[in-house]
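Let me begin by presenting the structure, written as structure tokens, before commenting on it.
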Amino acid sequence: MNKILLNQKVIIYLSIETLLLLLATIAFFIAFKIVKNWDINSFTPNQFTLERENYLFITLVQMLLFFSIFDTIYFIYVIDKLHLFIPGAMCAAGVINANSFGVPLLLLKLFFIFLLLLWQNINILDLREKTFPYTKIKASFFIIIFLALIAIIYFDINYFFHLKTNLPVSCCSTLYGQLEGQNPLPFNLDTKLLLILFYLLFIVVFGALIGEVAFLILLATPLFLYIAYYSVTYFFGTYIYELPTHKCPFCMFQKEYYYIGYLIWGSLFLGTFFALIWAIDALLFKIWQKKLKLIAQISLFLFVIICSSYVAFYYFKNGVFL
Amino acid sequence: MIDIQNLTKKVQPNQTILDNISFRVKKGELVIVKGVSGSGKTTLLSILATLDKPTSGKVLINNQAVHKLPDLHLSLFRAQHIGFVAQHFNLIEHLSVYDNLLIAKGALTNSIKEAKSDITKALKQANILHKKDAIVKNLSGGEKQRTAIARALVNCADILLFDEPTAALDSKNSQTFLELLQNLHKMQKTIIVATHDPIFDTLKAKTFIMQDGKLYE
Amino acid sequence: MRDSIFFQLILINFFSNFKKHLVTILFSTLLLFLLTATLFISDSIQFMLKSELNAQSDFVAKRVLGGDFVPMPKSYFEKIQNTIGISEANCRVIGRYFFDKSYWALIIGIDPLEPQSQKILEKILDKKSAKALLTQKVMLIGKGVQEYLQKHYFQNFYSFFTLKGKIIKVKVLKMLQGFGLNNIILMPKNLAREILGLLPNQCSDVAFNVPNKKEWNNITNKIEGYYFDIMLFNKDELLKAYSDVFNFKGGFFLSLYLSSFLAFILFLYTQYSFISSFEKRQIAIYRLLGWSIKRVLWLKLLEIVLIIFISFTLAFVLAYFFVFSLNAPILKLIFLGSDNLKIFSSFYPYIDFSTLFSIFLLFSLGFFTATILPLWRAAISEAKEVL
């Protein structure tokens, strides 16, 4: 038997996933019925039943969203703690790269939350209208979300069943370090260009939010997310760890760095997700939601401020850059 | 304003309770619907109270086609516009008068501060303020009715529906109720009373007679 | 909170259906208590082990013969001591002394003039006891040892039997305080040698520190190269081994626990599927007054949140009291074998909040999954049915 599967945290995590799947399955059956039979203008008892089930469906998905957010945070926490059991791993980086299922799993989980947030957004728009115009879209969309959850469960099982406690893995310095002058940055960027791009894209996204240019947000935000990932891993991270060679997106989740990783990555994902949802609303539904925009702006601003202040504080303290 | 067009309600395919009813009630009007028990008065009232949906036909209240609304919006509409006083009052017996009104207020707002002044006002209008903290179980029939009326008034509903309001009252209490009803009528509320009690004959009001699911003026 | 009608109504409803909720709260508190208490125990033990290991020396070198550990000539110690990068090397005299078949204590010989590789020993040795250890036949004993002595009518001394049949009377100097010291006897090194049957030029093993952690691998290779009958153990390996044991035991317990959790979910489902006419009437009145299905459902769900919160708080307080005040009777036997029981006299109050959070997450999710369908069924009660 695989030793990892007897770890308390892994057992709890997998149990949570099972319960989430159970909730989603109930919601899936209702969604399927709605896609097939929903007709707001009908007066049949069938439609009345369906309408009542619709409220259950909504509550189930909202619960799924609520618990998925905590579940993802918990997942990161679990893999961070597992480094004690896996030889060679110093933080979550080694654990998540221990087999080929880890990274896709994490990305899927983040994407899953984005999908659920988008769903919740459509739901709010739907319930506002007296005719529930988007209920069918909502239900079809949930079927896609359900498939994503199935994929997550598939990766979950494969990831934890193939996590070996006897095979040594690489630590973050080998995974993210520059080996033999290789440049890990995309588009062959150097650090200077990366930073210029980082701040430029931030200004573009932030400006587009203020000017409400939806399609620009839709284009620039994913790019910003991409560049921000590299900037934090290869530049800002080194200031968090105060070590020019320590390049890792995961170590900052640890206690030594005051769990700052949760705040940094959390604000980045929250900001980009909400900016994207705002833009999708504006383009598809012609609805401009002020609250969404404000949350996106605050989160993104917070993210950039935290990252930049690490560099600034280091400079004030030591008088030099790394 | 209430506008009913070709309203039909069937329980089973062959059992018709309301048969092609059409009528209008203007704002501030007092309407009495008379008929023996089992004639369909209660069903008509619960459709007007948006608690039941018609099998066919239209129900327009304040220009809103309520028969089409989904529950989420219908409930909101009910809370805002309709006060319903049922024959057995439908109060929660083990709670206080105040708590019963708080539930009604809770359908629209979440702030107790906001609710408090409205509750006091409604209790005053229904003449039951002195029993504010009493448990409903311990009230007399007349007091229970006034509590139910206060609850119907607490969200400033413009339409009030009464189902057999005097059935559980003695003649003295019935008389008090009539006075209260006239006061409410003066407040420009649209009022519909379903009853078979002859005491209402003394009132100056538009009267309908209900028989075998049909409505006659 | 105080200004919220929702909150007020949740409380009202909670007390209206108090009997039903009471059963649920009792069950869930019991279940949560069991889990929380075990986690408190295992967290506390792991914490104590970790801090004890941190106070230990980085490396211990042992000599192996016939697959068992045997005493080591002093020459080994001198060679190790002279290796560059090593500090506080100590020729340890350490071993079990069996008072009778069922009870033993760990004798540790110390020389107050030597540097101590174990930080904890430095703390214990004040001037007075150091002086006594240098000049007299005395010992410092843990609480467990003292209890044994008192049971056998030894007031402040014990007469040790050496392996050669000699009797040595040793006075008790003072009691040792602190966890991990329950079953330990400290005495002068030469005295310990005599009692344990070691020759004057022998050590039980050699303990030493390597301050530069990056050199750990190097040093290991070097020393294992000196002698082929030497085996090196470092602190991290011990830590991992200990973690493995408790990881396994905790996980095993949790798996068992989850099956009862499943039963609990089923219990909740049936418990909340039964809706009394009294409850149905209440909900219908809410609906009559303009509460939508969605709003009623949320009100009911928040009632569940209150129940979860109450059970969790109760379970937490009870478990804390049970483990850290009552010292976890019965339950600790799951985690501590009789050997370990002797090392720890009581649990150090250490709580890992992330574990608590994870239980809370799992538990509340399970609770909601079990109750959402019944609650929804209650929430769609039609108002017209009670008129």
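Order of writing sets the labels: A, B and C. Residues in every chain begin at 1.
In this text, contacts are C-beta pairs under 8 Å (C-beta built on N, C-alpha and C of every residue); 3 or more make two chains touch, one makes a residue touch a chain.
Since this is a predicted model, take the numbers as computed values, not measurements.
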With contacts counted as defined, which of the two, A-B or B-C, has more C-beta pairs across the interface? B-C
Could you tell me which chain lies farthest from chain B when each chain's centre is the average position of its Cα atoms? C
Closest chain to the overall C-alpha centroid, by per-chain C-alpha centroid: which is it? A
Compute the distance, rounded to whole Å, between the mean C-alpha positions of chain A and chain C. 35
Distance from chain B to chain A - Cα centre to Cα centre, in angstrom: 51
Can you work out the whole-Å distance between the CA centroids of chain B and chain C? 65
Provide the list of chain A residues touching at least two other chains, using ranges where the numbers run on. 52, 55
Spell out, as numbers or ranges, the residues of chain B touching 2 or more other chains. 71-72
Residue ranges of chain C touching at least 2 other chains are 292-294
Residue numbers of chain B touching chain C in their complex, please. 42, 46, 49, 51-52, 71-72, 74-80, 82, 84, 86-88, 90-92, 94-95, 99, 102-113, 115, 151, 155, 163
Report the residues of chain B in contact with chain A in the complex, numbered from low to high. 53-56, 67-73
Residues of chain C defined as touching chain A within the complex: 39, 240, 243-244, 247-248, 250-252, 254-255, 258, 261, 292-294, 297-298, 301, 354-355, 357-359, 361-362, 365-366, 368-369, 372-373, 376, 379-380
Under the touch definition given earlier, write down the residues of chain A that touch chain B in their complex. 40-41, 43, 48, 51-52, 55, 127, 130-132
Residue set of chain C touching chain B in the complex reads 2-6, 8-9, 12, 16, 281-282, 284-295, 382-384, 386-387
